[in-house]
Structure formats: C-alpha cells, structure tokens
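Note that chain A is present in both complexes that follow, paired respectively with chain B and with chain C.
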Partner chain A sequence: MTQHGSKALAEFVAEATEILDALGRDLLALDEARDQEADPERINGIFRAAHSLKGLSGLFGQERITQLAHAAEDLLDRLRLGRLTLDDQVLDALVDALDTFQSLLGETSRGEEGEDLTRRTRAMEERLARMGSPAPPAEEDPLERLELDAQVRAVFTEYEEHRLRENVRRGVALWRVRAAFDLTDFDQGLADLNARLKPLGEVISTLPSSRPGGATGIAFDLIFGAKVTAPELEAGLQGTPAELAPLTVHPSREDPSATDEAASVPPPEAVGPGPGVTPRTKRGGKKKGTRARPLALEAGPSQPLLPADTGATGRDAPSETSSGAPGLVAVPTAANGGPPRMRAVGGPPSTALGLQSAASAPLPAGRPRPEETSLRSLTQTVRVDIGRLDGLINMVGELLLIKANLQRLAEASRQDGTVALSKLFGQELSRETRQLERKLEALQEGLLEARMVPVGQVFDKLARLVRRIAREAGKEIDFVSTGGEVELDKLIVEELSDPLMHLIRNAIDHGAEGPEARLSEGKPRRAVVRLRAEQKGNHVLISVSDDGSGIDEARVREVALSRGLVTSSQVSEMTRRELLNLIFLPGFSTRSSVSALSGRGVGLDVVKNNLGNLSGIIDVWSERGKGTAFHLTLPVTLAIVRALVVGVSGRTYAVPLNSVLEILAVQPHDIRTVERREVLDLRGQTLPFLRLGRLFHLPEREVNRHFVVVVGLAQQRLGIAVDELFGQQDIVTKPLGGRLSGVKGISGATDLGNRRTVLVLDVAELLEEGIAQERRRA
Partner chain B sequence: MSRFEALLDAFFYRPDEDVSGLLDFAVGSDGLAPRVLEEEPTEYLAFRLETECYAVPILTVREICKVPLLTEIPRAEPQLLGVMNLRGELLPVYDVKLRLRLSEVPPLVAGPDAGLPPKAARILVLKTQDGPAGVWVDSVAGVVRLKPSMVELSPAGLRGDRDCVAGLGRKGSQLYILLDPEQALAP
Partner chain C sequence: MKFKVLIVEDSKVSREHIAATVEAVDGVEAVTTASGFEALKLLPRQRFDLIITDINMPDINGLELINFVKKNPNYRDVPLIIVTTEGREQDRSRGMALGAAGYLVKPFQPEDLEALLRRFLKPL
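Showing the complex of A and B:
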C-alpha cells in the first residue's frame, strides 16, 4: 500500500473507531435501561452514528463495513420510526453487530479481508434484516385524537409524525409555539428558541408558519411536547418572540370516562387547531370506522386490535390519512419501501427478557462464537484538547526567547573572550538557565498531560463485554463501574484493557454464582461485579471485585500441591494471604471443568506479567462466601519518571523512584542469614535482601558498607544492595524492545545526559525474583 | 605450475573473472555476450572478522557506525555484547564470532572494564525481521558486486551450530563468506 493510502486508512480507522465508541456508549445506555422506554434521542443518535459510519466506509471503499452499516441503519430507521420495538432480541442483534463492526475494522486496519468474517458479516446483515417484531398493540392511532390542521400534518416527515404520535399516546401536553423573526437573523433566533425549549421538552417539528411574518420577517410554528406545566413553559420562554397555543388532544377512546361521555354527548364538528376544549367523541367515532375497514380486510374479526402504529407505516397510512383528513393525499416521505419491509416484519412477539433469560435463549444459528478479541484500540492516536496544545506552543515560544537570550550571552562571552567574565554576566547566565529549567519542566508536564486519557475509555468497552460474558455463562450480573474519569497514560490504559478483561471474565465465570445458588445462600439474585478506579498519589488503584463465593484457600492448597507448584512443607507454613497468592503461579486453575471463557490455566500469571510490564502489581483479597477483589496498583505514567541512580561494581543503574520506599546504609555485619538466605532486620521486620551485583553476575567488590534500596509494591518488600548512590534524576525510559524483550530484571534503558546508556531496573520483576528465591529456599 | 601452465590458465575464461571490458569490446561479435551481461550482480558489503572476509547483502545494512559506548546487559546470552544508543534509538549489539567459532569467549567491549575499541572496528546496523540490530565487525572492507554465477551455495552446516553461512562468493582470488544475518542473529 502506498504511503498515502496507509495514512488515509489510518485516518479512516481512527475515525471509525470513534464512531463505534460512541455507538457502543449509546447501546450500553440503552442496555442499562432495558426495562424502561428508550430515549428517542438516543436511538436517533445511534441511527446517526450508523449513518455516518456507512458514509465514511463508503468513502474509503470499505465494502463490507458499508453493507453492514447499511443494514444496521435500516434496522435503526425502523426502530426510530416505531415500526419495530426495541426488545432484547433487537438490542442483542445491535450489540452483536457492533462486535462485528469492531472485527471488521480490526481486519481493515491490518489490511486483511478474511473469508470467515465476510461470511459472519453476511449472516449479521441477514439477521438485522429479518429482525423485527410488530410494535406493541396500541388501541388506536393517537394522532387521530390530536386537533391539528390537515395541511400541517401533511408536511410532517415520517419521523416527526411518529414522535408526535408517541407524545400524544403518552398524554404529553402539546403546544404550538409560534415565533416570528427578522429575516436577517432568524437562524440565530430560532437556534436560541430551540435551546430554550430543549430542557423543557421535545421539539417535534419546526414548520414555516402559515401566518406571514411581515415584509422582512419570517414566522415558524414549532410543535412542542412539554414536560413542564404551562406557567413554567411560559416563564421559560420569557423574552423570546414566541406565542404559545395549546394543541388539543382528545382523551383516548378506551378511557372509560371518555367513552361514557362520548356515548352521552353528541359531538360537535370541530377540526383544526385552536384553544379551548373540544369535546372528543366525533373524531373518535369516525376513527373507529376508519380503522375497522382495513382491519377487516387484512386480519379478520378475530384480531380486532391490530396495532394502529404498525398500520400507519405501511399500507394503512394513505387510507388512514385520507379518511382522517379528507382531501389529503400526501404520504410522508420515508414511507417509500414501507410495504416490503412490513412483510419482513413477523418475528416473535416482544418479551421482557432479563440478562438471565437472554442467556438461556440460544444464540442465533449461523453466527460463530465470538472469538477472543482484544479490547485494545486499533489506533495509536490520542485526542488532545486544542487548549492544551496552545499552552504547549506558548511554552515553546518562551523557550525560543530563552534560547535567544542564551545565544546573546554566548556571543558576548565569545567576543570578550580574553576579558574575565563579570559577575553580572554569571548572574544573568544562571538566571536564564533557571528560566530554561522551569519552562522545560512545564513543557514536560504539559506533554505528559496530553498523553493522559480517562480510564473510562476501557471501562465502557468492558461493560459491553460483561453483558456478553454473562449471557454466555448464564449468570445474572449487575456491572457497576466508578472512577472512569481517573486519568492514566494512554499507553497504560491500552495495555490495561486485556488484563482487566481477564479479571472480569474470572469474576463472572469463577466468582459469581448462578442465580439459584445465590438465592439459596440468602444473597440477592443478581451478582454484582464492580470495577473501580481511584487516584492515590503517584499511583492509580484499580480494583475488580465481585460478591460471589470467594476463593476457597483449601482448594487452592490442594490444587497447588497436586500440580507440584509447591511442596507440602512449604504449604504448611503459608499464611492465608500467601496461599491466595498461589493463584498467580503459572499453570494454576481451580475449576475442574474448563469453560470457554476462562480456566485454561493461563489466566492470572499472564495478567500478573502484563501488569509487571507496566510497573504495576496485583494483589488479591478474598473471603469465603463474601467475594473476591483484585487490586491493581499502577503508575500514572511511564513516559517520564523520577529515578534513583545507583552504582554496582562500576556499572550504573536507575531505579524508578515510585517504588522506592527508603534507603538504608548497612554494615556487612548487619546482614543475617536465615536458612542460608540473607535478610535484614528492619525495625523488627525481616526484609529479604538481594545483592544486585551477585544477581547480575558482576565482579564483586569488597565494600565496607552497603546501601540498601528498599523497594516495595503492595505488600511485597525487598532490600536491594548497591555500592553507590548517585542521586535522583528524571528519566525517559526506552523499552528494550523486540530482540531484547526476554531480558529479566531490566525494564528499559535511558540516557542520563552524558550520552551513556543506563539500564533501568524492573522492580516488579526483581521483587518477583527475590520472593521466588525465598520460596525456593524456604 | 610451470610458466606454460600459468599462461594456459590465464588464457581460459573463469566464470568469476571480471571480463566486462572485454565483453563490451566483443559486443555483437558473437551471440554469447548479451547473455552474460543479463546476469545482474548483487552488491554485498564485505567486512573482516578476525582474519576472514565476510559479506552480507548491502540491502540488509541500514548504516555503519563507529563503536560507541556499549552498555552490557546483565544475564544476557553471551553473543549479546550490549546495547548502544544511536541517536536516541536503543539497539542491541551482537558478536557473531562466537557462533562462527572464530573465538571461544565473547570479547570484553562493554562495561567499565572494557578498553577502547580497536580503531578499525565498526558496528553494522542490520535490518532484521525482529528490528534493527548491531553487529560488531573488526573492519569494513568495502562493497563488492557478485554475480550469481560467482556464488556457490555452501553445503548445509558448513560451520557453527546453525546454518548462518548462506554461501561462498569468489571474486578473483578473494573469497567472501556470505553471512545470513537472520540466522547469525537468531537467539
């Protein structure tokens, strides 16, 4: 692929990822509010996202994505027009479609086009097309109860008509807001009015008013569904040119009181909008007749109440409008293609399925089990607020000024080379360098900030995953995530997604019990899985917890023994905490039945290693019957860290300061041996002791005292003996990368400014080795 | 070899002999010349390790640099001499003499006890599948153009535990041992 082509592709992937993220968030919100009525604005948002994805992928010639986006858009269009109810099946299909999109985008970014995925995409498209159940039966077309000019109704788009119908059905107070603006600034005035109206309810339609707005003016009629009372609405529109007029809605025919009244009071002929109370029955009665006719033709008397809503979208629409408003023939625009779609509609009736019942429902045939996909982003881009960038540019500008000053000083000193430099000159020079230092620090800080992204980015993706895992595992799970706003380096957030995914899988698969088991133990039916992030100083603490059965340490001991991971004498001395930590050993898995989700025995040790690569550590807490929690401690950034520079046998190493707890000076006779391993006595506690020179097989030098750098992560402590301390410095760690990734105990290298490469110690790995030695010798 | 035999030997054309001038001169005089010219020579970078002359395809060489300060990696494999910082890029530097059995022990070139590197020594930065890697060479000899006919594939396992010799190139009396960088640097 050409340079240009790959750049364009990267842009496409970045933009499509963003759309999918937004789509995912909206779907998640819909999912959380399963039992409630879906927010029309949200469905509209998803529809627009699918539409933009279609456009975008079409532009880049991504045929498969375009096709699927088209199918999804089609389905969403039916949804937002109310031809389809948002039931669990539809929602599941949409979530699965999102997964497919993600896989497609993954292949696109790698420049592949796999046969499997193409087939899956086809199947998905068909599934979306087949999708659909008739909207819940409504007793009559609520729109018929609304007093509205036929001409006005004629110009509604299908979507507007649908929204209006919904509002009438729910008994929302409808208003016509008429406002006249001057032609010169009507767009602004209208936007202003809309902004005012938005919090008060829903603007259903904006139409040019029939009333002339004067020679230089234009008037609009806004059909508005108010959530607030009339006085509140009036107060809210104070100061705008809006005039309010209520739209009359007749009570539903099925309303018993209304029916009684209708039977007793002969209705007057009243059509058209206007204030005042118009008795209701005439139109209602007429309506009954209207409805009965097509129904009798279609469904027969056995089904007297076919949903009027459904009818309006299909072939009923013309007949209904023509009879309801004589002389009106205009069919709303989007009705084209309605009838064929109507035939496709015919799925099972909607049922209220929870996660649990959805789980028991078989997955649609033809869809392969979703493969293990990584949650990592496909792009390496970070969105940066333009304000932050401006700040950085300003700083660079100031640095240039300082550079100019320094240049001037250098020039001056060159010219008066032979003359002794004045004291004033020295002062000026040191002032400039101080300035330079300050600005560089600010620049560094600003750049680090630009790398920060909220962990919520990953939490959102995980929330979607929970839904799928719970369904596959047949568990009822409530997923609660907090602290999504905590910011971490983009790199860390990316690397974090897979370990977190694994922990959550474990929590659902191993931790949470099935609903029946929970009920019998007196717990609520639904298990809770929590994901929490909080900032603690230089670190971010992330925890994944569940309120499930907890870890059985007796089983852990048994398994560890049977797999030969530990010996029985070791186990007998272990505390409960140490026993629990055995689950991080490679090749450990307690589940006797291996499930598809986890339990392949490559779980937690991989998680632990991944975290180690991020200079993070993992700790476990668990109580029988109460639950399990994994605590992850991570540095905020890896880009620039403060490090302690130490010397061993003439070599220099850097130790990240965020894991250094304290530094001790130790005489050789302070070192004791316990069962032939060296330890230190630190304020009454035994501290494992590691000579770095010995560990690294360096020639040992005789020293009369050691410096011991006490490092710690979570509860683990280790004293690392070095020969010299050189001080602290900010370092930028470069990973050893590809060929050297297997090197143990070293996380990367850095340059201390003297062009000499210095290795950075990997404290997590050294701790691991120190503890492992301890375990081996114990 | 008698003087007559030497003359006779010089009279006969050998495939690795550079006779392009003669061929240019003879163009069109017979049907042989164009066919020989079609054979595209490949450029190799030749360098010395101990006393032997080696070569790698020049397209695998990213750059050649003088030996900078090397930082040793503790507990690394013996052929890894250390890492170097090349304009901010961190590169591993390897010794291939061990694998080629040209020496028994890795040279002490990194760390505080290392002396100054020999003046002629260079680091070749090679492009490999696992990213760039530096290779210590005792000196760089230059670029040679070898036609396929001048290269004979070496019998498998010529030397070393791995087949890191791709073949032998012969130009005039000079023998070039063609090194396969991927194999020579494989862990």
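Showing the complex of A and C:
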C-alpha cells in the first residue's frame, strides 16, 4: 500500500500512534500495579493492541513494524494464555519494545529506514522471543473437570478457553448467566448486565443464541467466574433479566484428598446460602417453554449445555427449602481441601524478585538508551471535542448574520448614492463593526482552544520512563505527577516532552540519592520525583522537582571556572541564584564520567534553548540536602499573541505582551550605572536596563525621556528602553528564514497589516542578553 | 442486483481495507460493522450473501458469531469467511469446524479475497 503515497502513510502513522498510545497506557497501568497480580483483561488489551498493530503495519507494507509486532504479539499471547508469567524482565522487555515501535514509527513517518534501527529491531525481536520459560509440564487439563458441552467449548477462542481453565484451576465458582433481550436494544441490556457483573468477577465468554420461537428476541449465555458468594451474586443481579445456573466442576483426580464420591457433592462449607437465602433460580418459576431447555445454540435437546444435575435440583424443588440451594451452590472443587494450584505458570514467583537488580537487564552493551527516542508524537493531528467544534460552527453562523447586516447597509448606501448618509446609518454601521470584532475575537479564541491538549499526554509517557531510568541508575523512586489536566497548545506540549524527559532523567541520575545514602541521612528510602503543571494566567508553570541531595554550589563554581565559562572575579560577585544558573551554560556538566546525561552530548543548555524556542524560560531552585526544582514558565499558546508595538530609532518592533509586566517613562538621569551596568531603581529593586537601539547597533537619538518596557519571565526582569509606543495588536509570529534565523533577540517577523512587516522581540533571549551583558562588563 | 457482504472486524484500518478490496469487485457491496453485537443487530434487518468476520473481537467473538449464524435457520446458508492472523491455527480450525466456508490469513493479497468472493458469490 506504500504506493498510495504520503496520505496513506500519514493515516498509518496516525492510527499506529493511537495504538501505541493505548498500549503505553496499559503498560503503565501494569507497571504501577506490579506487586499485584496482573489484570487478565489488561494483558488481553495489550495483546490486542499488538495484534492490531501487526495487522495495520502488514496492510501498509511496514515490514519492520510487522515483524516486531509479531514477536510482541507472540509474547503477549503466551502471557495471556498463562504460558508465561509477567515478571519485571518481561515487563521491561515490553516497555523497551514500545520504545522501539516508537522509533520505527518515527523513521517511517520521515520516510527513512535506518540500518541501526533495523538491527535494534532484530535484537528486540530476539529478546522478546527469548522471554519466558518452557510450557509447564503436561498435567490433567482442569477443563476436563468442568461439565460443559463440547459444542459450547468449540465456540471459545483459545484465549477464552484459557481463562475458563484458569478459573477452574483456581477453584473459582463458575456460573452460566442467561439473559434474554429484545433484538432492538439487546446491546444496551447486555452492557448493563456486564457492568453489573464486572465488579463481581470475570465474564469469560458471551454466547448468543436465537430464542426459539421469537424472531425479535435474542438470548445470551454468559460464562461467568464469580469472586463473590452465591447470595452476593444474586443480590448483584437483582432487577436484571439474568438467570443463574452454576457450572459443575469435578474434583481434581490428582488431588488425593478428593474422592470420586465427593465429585458432584458440594463441600458442606461451600453451601453458603442457608435456609434464609432464596436462590433466584427463575427457571424454577418460569412458565415459558424455554425454562428447562438446553441452550438453543446446541445441536439438540439430547445434549444439554449443562448436563450437570443442577437443573434437577433447582428447577422443581421449592426454592424456599434449603435443599433447593445446592442448585446454586458454588461448587469449587479446589476449595475442598485440595491445593488450589495457584502457582504461577512458568516458574516460582521468587524468580521475579531475583530478577529485579539492574544487573539483570538483558541489554547488550552499547545499545542506545531506549528513552533517547523522542517522546514527541509523530502526528500533527489534534483531536477536538465535538462540543468545541459545534461552538465554532455556531460562531461562524453568527458571523454570517453580521455579514448579512453589513451587506444590507452597503446595499442601502449604494442605493442612496451620493446622498449624505444619515447619522443613524453611521451608528448602525459602527455597531455592526463592533459586533463583528467581538465575534471574530471569540472565533479566534475558540480556534486557539481547539489547539489545546492536556499536558497529561506527555506526563503519561514520562511516567513510563521513570522506573527504567531509576533501575538503570540503581535508585528507588516514587514518581508523582499532578496537573495533567492543564491545557497547552498542542505544539508546545509536543516540544515540551524532550526537555521534561531530560529534566526527569537528571532528577533521577543526579538529584536522587541511592537508598542507602538516603537512609544514612535520615531520609525515607525512596526518593520522590514530582512533575507538576499549573496554570497562571496565560502562562503555564511546570516544575520537575526531587527531594534529593541538591546542587553542590561549590562544585558548580569549580566546574564553571575549570571550563573557562566564567572568571574568578565574576564568580566572586555572583549570588547563589546566579551561580546555580551557570548550569545552563553550554559546555557545563558536573559529572566527569560519561555515564549520565553528559555522555549524551546534551546538556541543560539544550533544554534551555528548546524552552526558549517556545517563548518559555527555565529557572532552578536548589538547596543542599533538600532537593532541586526546575521551574518552567511557558505561554499557553504560540499561535496568536497580543503584542506591544514599539519604535526604536525610527524602526518598529513588536514585543509579545504576555511577558510585558509594565511600562515606565523615565528621565535619562533616572538611569544609574552600577558596576558598569546600567540599571533603574524600580520600587526599591534594581532593574537591569537594556537599550534596544544599542543592542541592535542603531543610531541612538537624543531623547529627553525613555519609555521602558519592563519584561519578565519567571524570576527574571529586564527594562528595555524604547523611543516610542504605538499600541497593541494581535500578531502571528512567523519564523525568519536563512541567515536571519540566528539573530539574537529576535524570534521572528510579523505582519502588522498595511503590508508592514516588523520584527518580533524574543523576550527570553533579551533577558539572557541582559544577564550576559552584565557578566561581560563585570 | 448487487451482492451484499457483511464485514465484521474491530480494527478500523483492517475493516476499511477489507471493505475497499470487496467493493473493488464489480457487483459487490460492503456493509461494515466493528463488533459482533452490531452484526447480530444487522442480521435480521438485511439480507447478506456473505459474511467476513475477524475472530478475536471484544464482546462476541467471531466463533460465536459463526455458531450463531450456522444455528439459525434464517441465516445458516450465508457463507462465512474468517479473517485471522498467522499463528491462530486453533481459532481458525474451530471456525472451520463450526461451519465457516473459508479463511484468510492477514496480511492477505487482494487477489486472495477476490478469489474467495468469486467462489462464494455466484454468478459473479
């Protein structure tokens, strides 16, 4: 299908991304509940995702993804069929496989097929295939002990059969839940019934059958493994059309304590429902012909679905008597003294624990770290809530109304010809224009909203990485994320994932101490890494923090000096905050070994640059022994911003208003020079002062007063001197191409209307520049 | 009159691919559904000449659908084709045992499906 070109490819990537996202969520859920027994439905869900991915990539001729999906599906199939136990090793392999899938999809979307990744994919396939242990030794099939017609068994998929087997093995009470519905609304009825049953146990299979005699009805037999007692199940199904019948399970032949005589007689303690409990065997009371019939899906009445004697007792005996109860009694054989055979297939549980150490990670040396794969999603699609779209459509409708009004006015003015237009006419025209303006604003806002996605999309992906990074680093980490519901422009959320990943890796690698070190300092064994998002006005604050050892200032100073990033006189004047900020300088890295981030050639300077490209800013807080926090401040959207239009030396510039704090008018004598840098006093605080004209090497004019635009992001402030203020305007910033793209202090250009193109100031860079200038002059 | 083929497949891409392949054959029309439930709802309302079903689906699986169709006098003559992936031999053989008329293994070539259509939709 590759010949269908880029549209098909985009479709494939979008669909595959969705599958991988779902897969990632399920893996994360498994990861978080590692100490509990894995939910079979979850494993089945992951299996289905791999299965779909295989089918999908096969259709699009994506050979590498197909092969890997095949290997993953195979492994997951063994897992869900109980031939393999889900231990740490398997889970890690699956998480790594997900990373490989993401890399593969990345290459696919760019039309590449790198040899490196192909090799990695092969290795991953082999790793998946190696997982697990041989099948458990053959033993009596527990299903043999379940009285269930062979024809019913024939309708089970392999998986359903396995689930049934597991339930029998564990001695779970099995029931047939029969319910009849009208053909028109059976799905609703069945969904309701399923919702009731879910908390009470596991629906193993849903078998449809035509109801004899009724063309409009349909009946279902649900094979159900109950984790509650019979009376509880009864109560739980109160008010539904469900009829219950137990499935009989014979005791295991391998179980020496169980005799054949005991076979179909329930153990006394299992006869839960006493005389007071009335089993709701509707079959007993039903007058319809269906009551004692075997399920219609069988060949004939001679082969009842449930050949057990249950019918005989439950059907005719008055249900009030306790003797009627056995019909409803849970008949779990394993419960009557025999070992319940709960052992995990594929090895004793202790294996799982033994494999936890980092040393066991079966990664070949030199293999790139899986999380180097970017977490960015590969599609440009945004899913929009239908309500939002409807709102936009309504707005367009209102705009059309205004257009009609304006048209009418235009028509009227044309017919009046040169006749002087009345004042009333003018008022009407300006009222419509105001309306138009308001509606356009609302439309714009609505469109911006449609670009918004919850930042939690990235948080989820990050959470998956934490455990593995922690294990690689030999740390024990609790990861807490909050504020995932905060919304940001899709573009920003995407660009944010890599910097956040980097900061989290830092927090685990450098911030958090090992368990022993923590204990010796009187801290809890497990370190906490927090990821938090919070909206503040039209900015979003995101912080990554840890309760680790904090940043060693002395070491920062030392490194900055040894790398020649600062001079000793500069360092001596620096505040603690300024010192800490040195870690963002290019070429700075505190680890001498190449093990951690330093070895990857990516430092915090890159993080800072990435954020700068998003008009964001990063700030660090740290206290020895208490921890470190990185605070990111980001605009909610990049698409359209309100800007202040200013003039300097006859040129016009736009300053994004979201970073403008206030505007001052100052006299030249208000500007002081402290240690060779120009500053202003602003309400008792010293404000760095930057002459824009000087920065851009424009001819300076003599002015008797400056306008100072005070800008700030996070904790940093800067006063920018300009000559003129022209007003505010909404702008869409377009990037500058070619050689202009690198100009410091300029983020792009915008069209102000009247075909006037002006440059847009990059406030984050100017703040930088302000600080850098101070440093240079010092 | 066109032959009508019901396609039951929960994976969207797969479903659309099968539908496109089916409709590429002259004289055949495809009706698609994403679940066994929906198929059960459609069956009494429309007459189908052929059913193509996936096996592993949530709620009602493909085997159950085959069994339902084969046990119901109104539909039992409608041929069924199973679409499975490699490695699911047990499911496939069960489906055939329940009365499916043929099977396809994903990923399949359009010609394979077309051959099956021509076999079961006569005269095509």
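The definition used in the following text is that the second predicted complex is superposed on the first by the 552 of 778 C-alpha atoms of A that agree within 3 Å, B and C clash if a C-alpha of one lies under 4 Å from a C-alpha of the other, contacts with A are read in each partner's own complex, and residues count from 1 in each chain.
Operating definition for what follows: a residue touches a chain if its C-beta (ideal position, glycine included) is under 8 Å from a C-beta of that chain, and two chains touch if they have at least 3 such contacts.
If you're wondering where the values come from, they're calculated on a predicted model, not measured in any experiment.
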Partner chain in contact with A:V703 - chain B first, chain C second, else both or neither: neither
Partner chain in contact with A:I746 - chain B first, chain C second, else both or neither: first
Chain B versus chain C as contact partner of A:A517, first or second or both or neither: neither
Which partner, chain B or chain C, touches more chain A residues: C
Partner chain in contact with A:R651 - chain B first, chain C second, else both or neither: first
Which superposed partner A:V758 touches (first chain B, second chain C, both, neither): first
Chain B versus chain C as contact partner of A:K734, first or second or both or neither: first
Touched partner set for A:E15, first chain B, second chain C, both or neither: second
Contact set on chain B toward chain A in their complex: 68-69, 71-76, 80, 83-85, 88, 90, 92, 111-113, 128, 130-131, 133, 185, 187
Of chain A, residues touching chain B in the complex: 649-651, 695-699, 734-740, 742-746, 748-749, 751, 755-759
Partner chain A, residues of chain C touching it in the complex: 11-14, 17, 36-38, 40-41, 44, 55-56, 58-65, 67-68, 71-72, 74, 85-88, 90-91, 94, 97-98, 106-107
Parts of chain A lying in touch with chain C, wherever the complex brings them together: 11-12, 15, 48, 51-52, 54-56, 58-59, 66, 70, 73-74, 77, 154-160, 183, 186-187, 190, 205-210, 215, 218, 296-297
